[in-house]
Amino acid sequence: MSLHQLPIRVRYVECDPMGVAHHTAYPVWFEMGRTELLRSCGGNYAELEREGVMLAVVTLGVTYKQPAFYDDELTLETTIDSCGRVKIEHSYVLKRDEDILATGRTVLACLDQEGRPREVPELLQEMFSTNK
Amino acid sequence: MSLHQLPIRVRYVECDPMGVAHHTAYPVWFEMGRTELLRSCGGNYAELEREGVMLAVVTLGVTYKQPAFYDDELTLETTIDSCGRVKIEHSYVLKRDEDILATGRTVLACLDQEGRPREVPELLQEMFSTNK
Amino acid sequence: MSLHQLPIRVRYVECDPMGVAHHTAYPVWFEMGRTELLRSCGGNYAELEREGVMLAVVTLGVTYKQPAFYDDELTLETTIDSCGRVKIEHSYVLKRDEDILATGRTVLACLDQEGRPREVPELLQEMFSTNK
Amino acid sequence: MSLHQLPIRVRYVECDPMGVAHHTAYPVWFEMGRTELLRSCGGNYAELEREGVMLAVVTLGVTYKQPAFYDDELTLETTIDSCGRVKIEHSYVLKRDEDILATGRTVLACLDQEGRPREVPELLQEMFSTNK
């Protein structure tokens, strides 16, 4: 499935003195979206790491349109935009009902356990392209 | 001063199972950089908020080049790129000695206590343009 | 219901270089447990705050027995131990299947919007005693 | 030195909708206090971990007396209470000027890289007892 929908309940600790979710909570949710998207494709990040495949964020972009509040029930839509031999691109849309609160984009690089660049495992490339 | 240098010691809690600072720690450091840049210009975010001036991040961009490790001593350089009537742009360079670990950019919008757009206070516009 | 069970999926960002959930993630989960326990009793923390009733943690205790790992599915059991006129006590048991990973206890004080002590609203006292 | 004093500037992200530092920020500061206390005794946690010595929190207790606010300058006093063959006890006093905002206590257990209990290295026992 190219698009995964993750329900998110905004935690109290994620909110700041303005009474809204702090802008650094969003990339945490994006990471959860990636974890669940991969699971929905039959993969598993925890297993990947045990096999020495690390996926590190090399680019992060977020556009904030409307605030999210404590206890809000949000939906995060996570999409695979591309999965090449060395990089994986995701995009994100965060919604409360039909309102778009934020959009985002990440680029991940594949690293080995010593932090050196390595190829994205073929299984992962197939998983993501099949499910696109 | 257009450029502010903030020393940062990487906290254990900021590091992840890859043994490096998690990518969501960087925008937290950028926020600290903005706080200290403003202080170095004679302003104060805490006071601004008490006066009903909220500065909300509307765009965030980060490029990660090299990892930071627990207990590393880093330097964050924060710069005002522009301060207009409704938006303030900052850019960031995170270094360990002479190595650039990451660069970033934020756009802030000025809001009132109800979260509605308002003008950047003139005092702030002057402060930032004088110090550019 | 005196006991509420909350499923928790351990987030990557909550884990540290030892590869386990950082000890400060647990009181965050406890807070989520309190939010959901109150909801299951018919109450709502977000509404309480809008009505000027703040519940502040004055005592926190946690005993860590076994580590939790990234992507683990845990269950947090949250219990109301007592709800008096000025304080509310909760206790917590965090489990992975039948294994107890940690136990905890908090005492909350009731404050008004200026941070001054105030009585726990009667409705809340009734809600918690009825449901004990 | 048995007591270490660490200056702490309260970060915006550490504050919650009540406008005060969230209670989970305190154990993060305690961890920083332990890191700096050890450094002041001539040791280094990052090195310990590289040598396979992990120090895991097994008990945490915090008593919150007064709130801390965004941008406050606090002082954390960290003390070694005892360092035995398997456990290390610290206590903490968090102050703003002469006001005590919170007190705390942790017990650490010494683990190897696989998370099994091991003895506290003799060097560490000596370091802490000499400096008591």
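Going in written order, the chains are labelled A, B, C and D, and every chain counts its residues from 1.
Assume a contact is a pair of C-beta atoms (placed from the backbone, for glycine too) under 8 Å apart; a residue touches a chain by one contact, two chains touch by 3 or more.
It should be emphasised that the depicted structure is a prediction, and the values quoted were computed from it without experimental measurement.
Should one ask which of B-D and A-D has more C-beta pairs in contact, the pair is B-D.
The greatest centre-to-centre distance from chain C, using averaged C-alpha positions, is reached by B. Distance from the chain A centre to the chain D centre is 33 Å, each centre being the mean of its Cα atoms.
Once the centre of each chain is set as its mean CA position, chain C and chain D turn out to be 23 Å apart.
Centre-to-centre spacing of chain B and chain D amounts to 27 Å, using the average Cα coordinate of each chain.
Counting only residues that touch two or more partner chains, chain A has 12-13, 17, 24, 28, 31, 49, 70.
Of all the residues in chain A, the ones that touch chain D in their complex are 12-13, 15-17, 19, 22, 24, 70. Residues of chain A that touch chain C in their complex: 9, 11-13, 28, 31-32, 35, 44-46, 49, 69-71.
Those residues of chain A lying in contact with chain B across their complex are 17-18, 20, 23-24, 27-28, 31, 49, 54, 56-65, 67, 111, 115.
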